[in-house]
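One chain, subunit A, links the two complexes that follow: it is found with subunit B in the first and with subunit C in the second.
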Partner chain A sequence: MTRDIAVVAFAQSDTLRSSEEVSEVEMLMPVLHDVLAQTGLKTADIGFTCSGSCDYLAGRAFSFTLALDGVGAWPPISESHVETDGAWALYEAWTKLLSGDADTALVYSYGKSSPGSLRDVLTRQLDPYYVAPLWPDSVALAALQAQALIDAGDTDERELAAIGARSRATDNPRAQLKGPVPQGDYVVRPLRTGDCPPIGDGAAAVVLAAGERARELCERPAWIRGIDHRIEAHSLGVRDLTDSPSARLAAERAGAFERPVDTAELHAPFSSQEVVLRKALGLDDATRVNPSGGALAANPMMAAGLARIGEAAARIHRGESDRALAHATSGPCLQQNLVAVLEGDPR
Partner chain B sequence: MSKEPVAVVGIGQTKHVAARRDVSIAGLVREAAVRALDDAELTWADIDAVVIGKAPDFFEGVMMPELYLADALGAVGKPMLRVHTAGSVGGSTALVAANLVAARVHSTVLTLAFEKQSESNAMWGLSLPIPFQQPLLAGAGGFFAPHVRAYMRRTGAPDTVGSLVAYKDRRNALKNPYAHLHEHDITLEKVQASPMLWDPIRYSETCPSSDGACAMVLTDRAGAARAPRPPAWMLGGAMRSEPTLFAGKDAVSPQAGKDCAADVYRQAQIADPRRDIDAVEMYVPFSWYEPMWLENLGFAEEGEGWKLTEAGVTELDGDLPVNMSGGVLSTNPIGASGMIRFAEAALQARGQAGEHQVEGARKVLGHAYGGGSQFFSMWLVGSEPPDA
Partner chain C sequence: MPDVLKAPLVVEFPFTRSLGPVQSAFLTGLRERVILGVKTRDGRTLVPPVEYDPVTAEEIRDLVHVGVTGTVTTWAWNHEPRRGQPLDRPFAWVLVKLDGADTALLHALDAPGPDAVRTGMRVRVRWAEERTGAITDIACFEPYDGDDSEVTVHAGEFEDPVHGIVAQARLDYTYSPGRAQTAYINALAERRAVGERCPSCRKVYVPPRGACPTCGVATVEQVEVGPSGTVTTFCIVNIKAKNLDIEVPYVYAHIALDGADLALHGRIGGIPYDQVRMGLRVEPVWTEGGGYPDHYRPTGEPDAEYDTYKELL
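Here is the complex of A and B:
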């Protein structure tokens, strides 16, 4: 069974350091209205809805249940939720379209990092018995990875600084951090402020459609030629942090290596992680990496991965790309990775 | 274009108890997973992907625990997907896994759901702070008791029905070695005399708080052909959601539940659920939800569900056995509870339910719900493959 499935619309909010003036539903609703308006669809026209979010950011159980109010799930809808980045919600929705259960899907995700101290919150992702009690924070773990890369001769601090500068040179109007940004002091050596993502609140949404429905809804659909995700061991001690075998395997399964891609949207929250991903995915200078600015320009937790797929798709919609790779990550030091390959019809 | 038929070929669960202090969270989930693999006579290498579900991460205090559990579940190098749809999550997780097989993305998928509630206090984990909710509620019982009261008022059901459900489910649990509560000295009088917790719900009409995990191995037609024991075949499955609160919501018999059941029956070509379905394992965390769901799922006319319970129709040897395993009233590791319902339905269809087996069960419904009676997931499984 094969069925052509495409991203036909993408919308996102601004990413803000604090959104305390608005609830999650209020942050989400304009994005949902935007993405549906692009296709002319209403909630009731959507065959399957899937979202991604995380209770630990909101600091309350079942935080996603009220976000459903933003969708307007009445009459009742066929719906599901993943407790991770929305890229995995997109994956779940893709399987629903693939099996023929639905012809269209709405996928959204959101995250508010502002209510808590994100570096502390993310320590709760770690092995609860042996690692979490030590509270190693997300920047410290990324710094271990960056130092391993430097020690292996894969990069140096100058190259890392250049990655940050290039990312923030984006013209993306939704970017939280753009233009010349000082590289700053060390946050955790060897990572400086400029190597770290801005902390922000934001939301993203896409619409998927299958076959002819996709062509009706979008002038140039971004066809998902392949999508796959893989996870690695949790313990950092058993991983080679300078490599990403899971990203490479996911890319292989998604067909990324069959032909070169002209664009890659990588979910690399730290500059050093772009180095890891470029190596694992075999990307050279012929591929334009993160024209959106990537996670170094805006990193709304749980939405930044979905936004990479959306950004890659939007470039195909606009005719700025013909074949793009989109990547999302979850967990410490790129533990889990998802790769999608998107293509536009020949022009 | 047709979907690949999905078969359940392995089922495993832990002995559910109040606190598994002898194992870590990883140890708990691995125990269930190994039992499911053993049942299917498969190894970790046979598994293409892992789909895992649980209720709020605050119950164990581990954010996105699938990351930490990747090693314990043999998922390294494989796809691992985490589902969370509130109390219905155990069912939704199985459906997401089933769809990977139905869509021919993978051949054999391990799906697992768990909760280790002894790591925290679930009742207060569910009592949300101001400003999100009025500070009048204590736990899920406080939320659902008014809906039960509304059901009683609407139908004129006598006060005694709730105790009958609890008495039945706790006796069924005695036949299920994995059930949490084994109350060997249970009597109807004891249930009726137990303290009132959330009027009209008594202590003995309330689910326990459990540590437990449940796992299933789902596979395609080729995988089922190699299975050592009879598979259960998925004949239909669906999820439906509606908002938590809105004007006009029927909290007693939510539209999302009706729509979800209708979708499953359509897929499985069930014209009359009362006649065509042999047994039901439904999510009854508070006794009165049995008659309420009997109506919502179309097994009884509106207002008539309690009469089936009162007449003994839902007893293990009744005409429509409900919650043969002892149900959520006897075992409730919240995130796993939906999957335990789905797994029990499959056990029955496979004829592998042991002492609580319903003779001749061919089509069995597994049901889960969550949130404010707003998230529903269901599957119908049978002893014969679809279109056979």
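Here is the complex of A and C:
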């Protein structure tokens, strides 16, 4: 069975350095209400709900079950959860709609990094035998990748700084860091403050719908023409850190190379990772990259990847794009990559 | 809004992990100051070695002895070491391709400063004085200007091999419970139970979590409930909990406070355990500085009729 499935609405919260006055569900609820209001749907109208989050961020076990209060999950609804970025929750919801089990899906994700020390928390996702006992933090691993790119002649510190500056020149009202920001000192050399994403708490949500249902709910649906996700070998020393074969393969499987895209929303938390992705995805200056500011302007963990798909879709909704690529990543040095290709109906 | 409550939260866990045969040989080798790699079918040598080929997924078991010297393939200068990292003074993170290996190992390089580090530089292992069969048996790498080390085939057999590691992990958080639970905890400090009413279905949730799980909307209207309530169901606890100074058996119950549409749970005291029953009317017993009821005891009122609490079971 083949069905056309589209993103019909996108909402996100502000991304804040601290959200201590609200619990996770309190942070999430306004975003859920916003995305549902855009479609006129109520929670009871949704066929499938899928969320993405990670308990390690706030140190709260099974926090996603409490977040479910925000969607009215009682009496029980058809629901699932992934312990990673919400882009992968969207992938699961897409397969659910493809199967014909549901016509609409609510996908949301959220992350509160402020209660913990994010750089240390992220070490716990690494190989527990050979890597995690050394506690290499997320910036250190990205810096090893950045140095490999510099050594290979793919970039230099000045170009990296320009990527951060271009990203933060966005007019996105939800961006955490906007406008001129000092490039700053080294965090872990060669990466400076300006090469690293701001740490923030936030949430994002999208609504998916199939076929005619999508046209009823949205004037110009963002049709998902293809979506795929792939991973690299887990050992960093096995990989060529200057390239991302998994992102390229996911893009190929998603049909990204069949025709040019006018817009790309890349989930590159570090400036150096945009260099890797542009190379792997064959993007040139004809494609507008990260008009939203990308992860260098706001990087709420578990929500920033879903927000890339949402931002790309919203541009299609508004008629600012006809064909867009959206990318999400998870893990150290672009370990896992998801690519979606979105299109609007001809105008 | 009153000040947000905050409290330190430490999550600490020792994971006991078992090792596959290749991992066991590699980590035992480190204990014996030997570094082993594993050969893939196409002749590459992987260090650190893995159980399965990362490209073909086939099981790989052929171990080789690689050098304790090698070449830096990329590096990053870490001027502020963090807790748990290999050195407590500034150092370089490095990926090192050991002599005889085709892949690189992540570790720390002890160097005087970033100007002393470059890709392509030669380094050698500095062993930890006490070794247990863990990646930290390599204390770090250090600059080296001698010859390449010899590389030989190795059976990977040692006396008393390690079969597991205990991976310590500790993360420190500052936890904040959010608006609704802060209000609930603050009211408890005044020995009051305050729930929140759903604006849509009118149910009163105690303790409040900030949202109605049926309607998916924020609960904002505060409602004082109790102090008395009704036991809706209970169990008899016969196992003594660690660090809990309560004699067994005792009764743990679901208690619907008067005015609440959700039962909370608490211990029942002041009555023999085998006389507790559904419908028993109870009230909270507070202790000085407790912050919440220590337990609930019978009020002496007649039992509640089943119909008054059957929806709250």
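The rule is simple: the second predicted complex is superposed on the first by the 347 of 347 C-alpha atoms of A that agree within 3 Å, B and C clash if a C-alpha of one lies under 4 Å from a C-alpha of the other, contacts with A are read in each partner's own complex, and residues count from 1 in each chain.
We take it that a contact is a pair of C-beta atoms (placed from the backbone, for glycine too) under 8 Å apart; a residue touches a chain by one contact, two chains touch by 3 or more.
Since this is a predicted model, take the numbers as computed values, not measurements.
Q: Answer with first, second, both or neither: which of subunit B and subunit C does A:140 touch in the superposed model?
A: Second partner only.
Q: Between subunit B and subunit C, whom does A:43 touch in the aligned arrangement: first, second, both, or neither?
A: So A:43 only meets subunit C here.
Q: Between subunit B (first) and subunit C (second), which does A:80 come into contact with in this model arrangement: first, second, both, or neither?
A: Only subunit B; A:80 stays clear of subunit C.
Q: A:91 in the overlay: touching subunit B, subunit C, both, or neither? Say first, second, both or neither.
A: First partner only.
Q: Determine, under the contact definition given at the top, whether A:336 touches first (subunit B), second (subunit C), both, or neither.
A: first
Q: Based on the superposed arrangement, let me know which partner A:151 touches: subunit B (first), subunit C (second), both, or neither?
A: So A:151 only meets subunit C here.
Q: Can A:60 be said to touch subunit B (first), subunit C (second), both, or neither?
A: both
Q: Would you check which partner chain A:159 touches, where first means subunit B only, second means subunit C only, and both and neither mean what they say?
A: After superposing on A, A:159 lies clear of both subunit B and subunit C.
Q: So, does A:233 touch the first partner subunit B, the second partner subunit C, both, or neither?
A: So A:233 meets both subunit B and subunit C here.
Q: Of the residues on subunit A, which ones does subunit B touch that subunit C also touches?
A: Common to the two interfaces on subunit A: residues 56, 60, 66, 68-69, 72-75, 121, 124, 128-129, 132, 233-235.
Q: In the complex of these two chains, what residues of subunit A are touching subunit B?
A: Contacts found on subunit A: 1, 3, 49, 54-56, 60-62, 64-66, 68-69, 72-84, 88, 91-92, 95-96, 98-101, 121-122, 124-129, 132, 228-235, 245-246, 249, 330-332, 335-336.
Q: Which bits of subunit C are touching subunit A when the two form their complex?
A: 1, 4, 6, 9, 11, 15, 17, 19, 23, 27, 46-48, 50, 54-55, 73-79, 82-86, 93-95, 97, 103-108, 114, 119, 134-136, 165, 167, 169, 171-181, 209-218
Q: Would you mind writing out the residues of subunit B in touch with subunit A in their complex?
A: Within the complex, subunit B contacts subunit A at residues 1-4, 24-25, 55-71, 75-86, 92, 96, 99-100, 102-105, 125-126, 128-129, 132, 238-244, 246, 254-256, 259-260, 263, 371-372, 374-375.
Q: Can you name the residues of subunit A that touch subunit C in the complex?
A: So the residues of subunit A touching subunit C come out as 20-26, 29, 32-33, 43, 56, 58-60, 66, 68-75, 115-117, 119-121, 123-124, 128-137, 140-141, 143-148, 151, 186, 188-191, 233-238, 241.
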